[in-house]
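Next up: some structures, all given as structure tokens.
In the two complexes below, chain A is the common chain; its partner is chain B in one and chain C in the other.
For the complex of A and B:
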């Protein structure tokens, strides 16, 4: 039998036949690895998870006309710069002043499906318009004009060209918009209805873009878009991106700090456990030295046990840590995370490294055991 | 040349002379018993023969090498190569089987050989108990595993500390019988014991008192068999 095979046999026998003792050590390592793996998963996933959450607060990029207006084609060309994975939605707007019950009201032609992606916080009493000649009315407009869902309302538009007649369309009110913001002062119709009402050439006044990316990436997109299309002036919604960056960096710093503290606590916990394991085996160490074990031989045996425990604890911790991260993600962010395979070897390596470092001190003391103590029966 | 020679050995702890100018020799193949009351210096002498302690003064020649002057690492090598240890408390590794405990000594010495370890267990009559853990063995069986472990590397000296101290008469006889067989094969035996029945079996007795050799007695009726007193 090769010496290495015997070493492995001794190490596995020590772990398997001293199950209750080793289980305590394994548990200490596994708990550390679980929290480490879980926190690292959350740390890595926080920008993505929080990015998705932040997108609920509206667009973080605005396309404005470089001069007077821009077209849908301009918008689509600029949007092609943004990665499709990061692009949450893009909503075009064309604003015109219309009249309802002879009152001048601001009307926005838009894409109703896109609005729901870029402004998911909009609260609609009723439904979004789904067909032509349907209209969404802002709460303030509805209150001042005493409009309600299901009613029909006549919307008129007076062209700038006085020689032309006013155009009129009867709209069905499908919903009342409640945002708590300026959106309540508007009425919203589809882009087709707006074109039909105004008979103006197709153009856009503004576009709201929602992109799930960090501030640096967003700035890169803005720069690229501004360099690529002279009709569009892309801008970041500083209020949103700046607060996103601040919250994200603070959250990540917090998770990182907790991870480091947990790592340190794990090391202390494992070191304490290994110290207890070593001290209760002093007579065994003394015996081994008495029958000829060298210091390096003793170190190899205990380090072997530590490495095996670290590896097992790492594997266990990776699996349980993922479950922990999944639990946190589902309960805090309301979404699932995918298993990061790279984290498995990293957790195992860190567990082994932490256990090895934690074992060093007790093992060093183990080699100082006096074999004569064994002969004295102490 | 003697296998072991103590030359004016002193071991002094403060005012206490644990060994006080001790000189004796042990020839190759000899069976010696070291006896004496508690505190007489038996353990100190045992530690020095076993290369686990050094004298304050004097020389200890083991197979021609003065172990009193060797560094600790070298002493470990000498102990591993030349001495087989047997303890009163057995001191088997509790998570290794009887067979693995014997192989452990091979592992530290050279290359583990399962077949050879099994033969050593057969020799002490424990082949059938090879796969048992120490906790599954009786005291006598554990001591026989300890003997198998001590002899597996064919040491120059078997050094036994109270080898029958925890055994009943039947197992005491088995262990002494094993010693006799080892002696017949030419192994040098040094047995430290309180037990006069075990001490009397040896070819020569060294009796210690207050760190000095009180007397040395040669057993004229040496047979290697234990004679129990009523």
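For the complex of A and C:
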């Protein structure tokens, strides 16, 4: 009991009296721990955050009708399979041929708010339609029919049933759509306007779904949806999913490798600093041996110091490291990350391990030497 | 005397000096590796993002609206086409070096022996091209369709000896018509017939699964369109758009002369499009926003992420170095107290300590620089499968950084040395 008390007193006294040295050592450990916890947090969070960036490529899953068409209820039912956290957006489409200036044009009825989530790359000159009887016109259509934002345009639809009259609605053009793809040849209106124009029973021709998940998980969803609802045939957009897997795995490997290299170098750096701090105390070790301390007693004392420093540095580093990871996440991805509790003990244990190993080497060489030689200064 | 003392330190305290040099080497290798990787990561990730396919499409002026919108089956020659002979010009524009790959496309319809009408697309696969500039290159669509799964057989090889009367069939079409690799199928086009050998069956996950892909000239002769092409897909390394690029994309003539020069000489998607339009007669080149826009976003994020990680590791290595320098100088207080006791000036003690540390840091810095290049190459080779190019600008950055950090790290230690009272130190307090 007495022994333990003495050990504790020696350790705390040593830390307090040799403040400047201990501060140097603590700083070194804290830097190592900061880099460890900061980089590991980033590494763990990057796939998810980067995955969200890749949703910029648009829909990675398509619902197509298994027979003729499907309804909004079918779509909602299938969507419930997908975890709401991973679902970025789902956009229904209904296509009909309409006439503008007596030219046949393909018109799509859709959900304007959802489109902005599933196709974030759409560039709209002007604004998305928000009110009823507003229309978004593809760039090619606008150019060939000489339409511009703010104008009013009459859209007419001829029902298949020849006995009925053509229905017409005047739309206000709120935006011109620019994508560089085939979307520029369509016009877009809200689903309600489309139903009013065509007077057809509510149905969907296609739905684009954007899901933030890995390719294996996506395949599971597709299989589940196809098994669950017989009206819908879900498919993956191979171009988006396959490419995303390729690129994302490279990015992840990059961050992993950088993390490993930075960590290894930092840990060696911490170890050399600790070694330098401990080597300085050779004469102290010699003196203790001369007055009768056992080798194991000396090692226990130094280890105690190392563990205390490692623990303190680890806690300090965990906090600073998390702050750094949070800073990166907010600045790069614009989202917050949650503190990973598991990382705290890991950081502390690694800090203690590195500190202990770094102390052990110089202590062992000091204890193995004859105290007389050490005290003499050789 | 000064040099004798330094030599003495280096000879007798080489272990301590080695430790300082080692730490500085670690720090500088970290800095070198991270700076090199950050400088190159944009290009590398850009290269990877090419997996998403072409980011620029070129179509004839006033063409697409008719053929795509109404899905016109019988495109008559005489409607707008681009000239095949001008294709090589794409590799002669200002940003030719940034053009990774490109392929022409011509789409026509042909009937199978059982009467089924299908879309037949002619393109280049690995077409060999001799440019007017004397350069040679292979261009084609295989890298623009990296997500295609070749279910059976292989890609069309235009340079093989097996001849060019070959075809690749989409998976859905192959299943429906029960076609397999090696079969001979006759296609009857609007102008002529062709008997082609199936070399591959692909799965694309899109409309292409119901189509057939053939070498360009085969499709041209089927539809009697020799020398004409319908569209070109270009995959180019581009710089993410900024305000200037957005303004220029709307109307290049709205720029001032200086802005125009900056825009023209930066690899924005819009300036590359503009330059392609200059060399291909009657063409409209436009960025595919789905690819170009997302590329920009991902590139920006990745670069920023790596930059912040680099910043953290630089701060870490700087603190590590200065920490060790402080520790190692503190350790020598006894020796320095003795020097002061026998009459050394503060100035000469400082000079001595600084010189010693600088020698160690130069050695450590040089060793660390080369080790850092090694680390950068490990990252480059194992992640991207290609070397990270080392830019000369890294050398002065790392040099200045190491010198500055070493000197800054010595300041607290030197202040402490100057404050040392020889009597106290020698007494052992």
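Convention: the second predicted complex is superposed on the first by the 372 of 378 C-alpha atoms of A that agree within 3 Å, B and C clash if a C-alpha of one lies under 4 Å from a C-alpha of the other, contacts with A are read in each partner's own complex, and residues count from 1 in each chain.
Keep this in mind: a contact is a pair of C-beta atoms (placed from the backbone, for glycine too) under 8 Å apart; a residue touches a chain by one contact, two chains touch by 3 or more.
No experiment lies behind these values; they were computed from the predicted model shown.
Residue contacts after overlaying the shared chain place A:13 against chain B, while chain C stays out of touching range. Look at A:56: by the touch rule set out above, it reaches chain C but stays clear of chain B. More residues of chain A are touched by C (comparison of chain B with chain C).
In the superposition on chain A, no contact is made by A:335 with either chain B or chain C. In the superposition on chain A, A:132 makes contact with neither chain B nor chain C.
In the superposition on chain A, contact of A:372 is made with chain B only, not with chain C. Of the two partner chains placed around the shared chain by superposition, chain B is the only one that A:293 touches, whereas chain C remains out of contact.
Residue contacts after overlaying the shared chain place A:230 against neither chain B nor chain C. Touch criterion met: A:3 reaches chain B, while chain C stays clear of it.
No residue of chain A touches both chain B in one complex and chain C in the other. For chain C in complex with chain A, the residues that touch the partner chain are 16, 19, 22-23, 26-27, 29-30, 33-34, 37, 41, 45, 48-49, 51-53, 57, 62, 64-65, 68-70, 146-147, 149, 203-206, 286-294, 297-298, 301-302, 304-306, 308-309, 312-313, 316-317, 319-321, 323-324, 326-328, 330-331, 375, 378-379, 382-384, 416.
Chain A makes touch with chain B in their complex at residues 1-3, 5-7, 9-10, 13-14, 17-18, 283-284, 287-295, 297, 370-372, 374-377. Residues of chain A that touch chain C in their complex: 20-21, 24-25, 27-28, 31-32, 34-35, 38-39, 42, 46, 50, 53-54, 56-58, 104-106, 119-123, 140-141, 143-144, 178-182, 185, 235-240, 242-243, 246-247, 250-251, 253-255, 257-258, 261-262, 265-266, 268-270, 272-273, 275-277, 279-280, 324, 327-328, 331-333.
The touching residues of chain B, when paired with chain A in their complex, are 43, 46-47, 50, 52-53, 73, 76-77, 79-81, 85, 87-89, 91, 93-96, 100, 103-105, 107-109, 111-114, 133, 149, 161.
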